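Structure incoming, see below.
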Amino acid sequence: MGRLIVCTLAASLALPFAAGRAAAKDTLTLGMVLEPPGLDPTAGAAAAIREVTYANIYEGLVRIDAQGKVRPALAASWTISPDGLAYTFHLHSGVRFHDGAPFDCSVVKFSYERALSPDSTNAQKGLFEPIAAVACPDATTAVVTLKRPTASFLFDMGWGDAVMLSPASIASDRTNPVGTGPFRFVRWVKGDRVELERFSGYWGQAPKLARVTFRFISDPSAAAAAVMAGDLDAFPNFPAPEVLDRLKADPRFSVVVGTTEGKTILALNNARKPFDDVRVRRALAMAIDRQGLIEGAMSGYGTPIGAHYVPTDPGYIDLVSKYPYNPEAAKKLLAEAGVKPGTTIEIKLPPPVYARRGGELIAAYLEQVGLKADLVPVEWAQWLEGPFRNGDYAATIISHTEPRDLDIFAREKYYFNYKSEAYRSLFAQYQAATDPTKQTELVGALQRQLADDEPVVFLFALAKVGVWNAKLRGMWINSPIPANDVTGVSWAE
Amino acid sequence: MARLLLTRFAALVATLLAASLVVFVVLDVLPGDPALLILGTGARPDTLAALRHQMGLDLPAWWRYLLWIGGILHGDWGVSATYGVPVGDLIAARALVSLPLAVLAIVLSTLLAIPMGVAAAARRGRALDVSLMSAAQIGVAVPNFWLGLLLILLFSVQLAWLPAGGFAGWDKGIGAALGSLLLPALALALPQAAILARVTRSAVLETLGQDYVRTALAKGLTGMAALWRHAVPNALIPVVTIIGMQFSFLLAGTVIIENVFTLPGLGRLIFQAIAQRDLVVVQDLVVLLAGSVIVVNFAVDLAYLWLDPRLTRGEG
Amino acid sequence: MRRISPSLGLGLLITIFLVGVALVSLAWTPYPPTRIDILHRLAGPSAAHWLGTDPFGRDVASMLMAGAHSTLAVALIAVAVGVGLGVPLGLSAASSGGWVDQLVMRIADLAFAFPALLTAVMITALAGPGAVNAMLAIGIFNIPVFARVARGAALAAREQDYVVAARAVGRSEAEVMLYHVLPNISAVLLVQMTIQFALAIVADAGLAYVGLGVQPPQPSWGRMLNDAQTYIFRAPLLAVFPGLAITLAVLGFNLLGDGLRDHFDPRMKER
């Protein structure tokens, strides 16, 4: 007995040293370009909020994984009624928020009803709009009934906007986020970083990492320098691939190119001449060399698209070659539509690089088919208020980062002013469809309809160029939704 | 004298109020809805209205102005719409970068400029003077943000001694923090040093021509001794005045240099706040910066009054 | 005519050279400055491209030439705004005295309270980036400068004998200002103009550097610097040439200003 005690004592004394030597690194420092405005994804649209909090701090009933698939999260499983109207979620039991509050069906009811309430400021209130009621037969069962079948409902509830917040914390979640996730918030040094640590009371599998720091570095050369110096372990969404050459050559780092949901388009105001004419829109699509655009504006990183859908989305069909680069054909089509050479097109350019640099290139392409481009740089605030809200624009370059948002072309009022009954009816059929094969078929039809009408010129999907330490495992390669999910990340060895 | 001070002080307060009003009005008529910016492309009329109400944007403009000014008078600078934290905390944190940067730049500039100016004056017309003043002439012409780029090129890209940008943070130790401020401070300091060296040189030359220096020389003091004992101390008054003015210039002038080196200081905060329509932050920062300039000017005025009482009788 | 001093001569030489380049760029540049050539991007200096090409494959030398034009245009208009509004304000303040004088000078004080560059940044950020707004933003800051200088010089000139004499023979205050005071203070104003011109060039470059000045595709030195920073590891020379151009321009106008001041006021020389 005495010996045993001595042994365990020795073992426990030895343990810290042994652990110190053998244990793999369990901290991670991640770089991000933009600092999030607050840390509550139910109170703001910025992608940066999700890139810190999604899956790490907050969880929803379901979640989207690295491949863009819907996976169980706080709901262990669910059943859908045959008419597609009732979703019964079976919740994990014994789940607690970081502040100790229990998670059960009442929180689900609270969260969804809060998002739907008249004073809701949820940036994606539209996602919840199909919900008719939330009922709680018992603490671990939530029944959500819909007003109409909605094919995208489960995926929508996997967005960052549909995560569960501790009801007591909603007033302070912007600065002190409280969720159910495997990491909890430690501190936020404004203008510099956010720190998280492993939450010991997590209901699921504990993450390998003990501490995670998100650092905000907007300047590409500073970001590259920070990675080189080892100050950052990873920069999952590197802003400027042109400075990556040295990192690529260095075996200490992995440079991984994936895709995002960022569908970059030359948006055209279909209510304005000459863009009300489909021939003009098609001509513009043929006037722009997408590959050259990607080469020049994005250093070659990006995937051409032919409709408002990216290759990693389910049911994607390749329509890129629908309008091949052909300035002569474009010129002919423009002439046919009565657009005189020398016509000036005003293009509004929001701040991101794809728009500012892309705009300069597109101006050069348009010049080759006899059109003049008037480039007008605008701030985000002005873009949102001018082109987006008031439809005050002729053309603009923009990337739509919301995943699988085919719905925007079906909307009654949207800044493209694309009004196609054919598309709307297809979209309604798609949402009502409950059979997966039928859904896939309709998704294809929607893409074809878009490519046919070319309401906007579909350019390319933004790449996700990630740089990280070669020993890091489990980083997301693609970005099916805005997130830096580090719950599955670990260090090799 | 007291009355003059009082009117000057009243003018100071009036100027600050006018400045605050100008900023407020400009920001208010500006296109760009802060609520829309937060909600982004998923915004709907109902969520926008709810958020505008929550942010107090649906109140009349004059009422919002009074609330803002009233808050400041009570020491409440408002809450940042972007971060949801008190603006005072935000500014204090950023000032921990900008203020030390400006101080470091002033110190560097003074340390460089005064010996240069005095040496040039002492060797007036000789090769040293000509070369120093030519260098100063060029130094004045170099824009500080380009100098910053050149320093990055040399010390970060070629030599890899110092970081190309970013701020290590004070919690990483004073050495690391100063290390990340060194290049930007140098970039700010060199052009200022060039100006200051020219001022120092002419101020010293002026005092060298004064009677008491001539007397000292006549009494058998060596040229060097006369220079350091009489000319330099008397030349310091205009030099110190210029340094004072440069400090407020630098504090505002860090705007661009902070962009070159991506330092999280006041300058970047103001850019970011404008882009994100974080109105209260912009308003507070402008009032603070304008206020600091006004106060420095006020202090300079006072110094003049104190130095030269004749001005009190003049056109005030 | 006094002899032309070395600094005045050098200043004249540089400024004439720049103006010449700017004018030539209107008619001829080695390549069209906005022509994009992705295949030959980021090329080093060569016989074909004297100063190399930028990330879009545009010819740097051509862009610098066109940039001279846009920089000088912005500075010219900005100074003109300052002179055009500031001088009349300063003169009327000097001639009226009393509350008008007080009002003008207090407004000038208010304008000085806003740090110049920061104000320009604010104005262009708020009004939208672009050449016209940059001109106005820099110009607005020039107004109080010229108002003060004109007022001070005019107050001094008014006490001169010939002005007093003109007033004695019944000339109106406006006539006195226009025909007697203004010509007398023109040298002071000219010197101030060159100084402000140099400052305006720096301000223009600074605004363009932070993306608020002249907009693409029109080339500008400041924006070239900003573009170059992204590629600083790959094409460091890109960050050198535009800065040299800015420095040369500022140096030229500073020298011109110093030279003119010495020229008009020899007492100040060698101080």
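In this document, chain identifiers A, B and C correspond to the written order of the chains, with residue numbering beginning at 1 in each.
Criterion: a contact is a pair of C-beta atoms (placed from the backbone, for glycine too) under 8 Å apart; a residue touches a chain by one contact, two chains touch by 3 or more.
Quick caveat, the model's predicted, so the values are computed rather than measured.
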**Request:** Classify the chain contact graph as line, ring, star, complete or other.
**Result:** complete
**Prompt:** Most remote chain relative to chain C, going by C-alpha centroids?
**Reply:** A
**Item:** Chain with minimal offset from the mean of all protein Cα atoms
**Value:** B
**Request:** If you tally contacting C-beta pairs, which comes out ahead, B-C or A-C? Let me know.
**Result:** B-C
**Item:** Inter-chain centre distance, chain A versus chain B - centres from mean C-alpha coordinates, in Å
**Value:** 40
**Message:** So the centre of each chain is just the mean of its C-alpha atoms; given that, what is the distance between chain A and chain C in Å?
**Reply:** 46
**Asked** Where the centres are mean C-alpha positions, what is the separation of chain B from chain C, in Å?
**Response** 22
**Prompt:** Listing for chain B: what residues touch at least two other chains?
**Reply:** 152, 164, 274-275
**Request:** Can you tell me which residues of chain A touch two or more of the remaining chains?
**Result:** 219, 221, 351, 379, 382
**Prompt:** Tell me, which residues of chain C touch at least two other chains?
**Reply:** 125, 229, 232-233
**Prompt:** Can you list the residues on chain B that touch chain A in the complex?
**Reply:** 31-34, 36-44, 46-47, 50-51, 53-54, 82-85, 89-90, 93-94, 152, 156, 163-167, 169, 261-262, 264, 268-269, 274-277
**Prompt:** Which of the residues in chain A come into contact with chain B in the complex?
**Reply:** 37-38, 43-46, 118-126, 161, 174-175, 189-192, 217-219, 221-222, 225-226, 229, 351, 379-382, 384-386, 388-389, 400, 402
**Asked** What does chain C use to touch chain B in their complex?
**Response** 7, 106, 109-110, 112-118, 121-122, 125-126, 198, 202, 205-206, 209-210, 225, 228-229, 232-233, 236, 239-240, 242-243, 246-248, 250-251, 254-255, 258, 270-271
**Asked** How about chain A: which of its residues touch chain C in the complex?
**Response** 219-221, 224, 240, 242-243, 245-246, 292, 295-296, 351, 356-357, 359-361, 363-364, 375-379, 382
**Complete:** Touching chain A in the complex, chain C uses residues 34-36, 38, 41, 55-56, 125, 128-129, 211, 215-217, 229-234
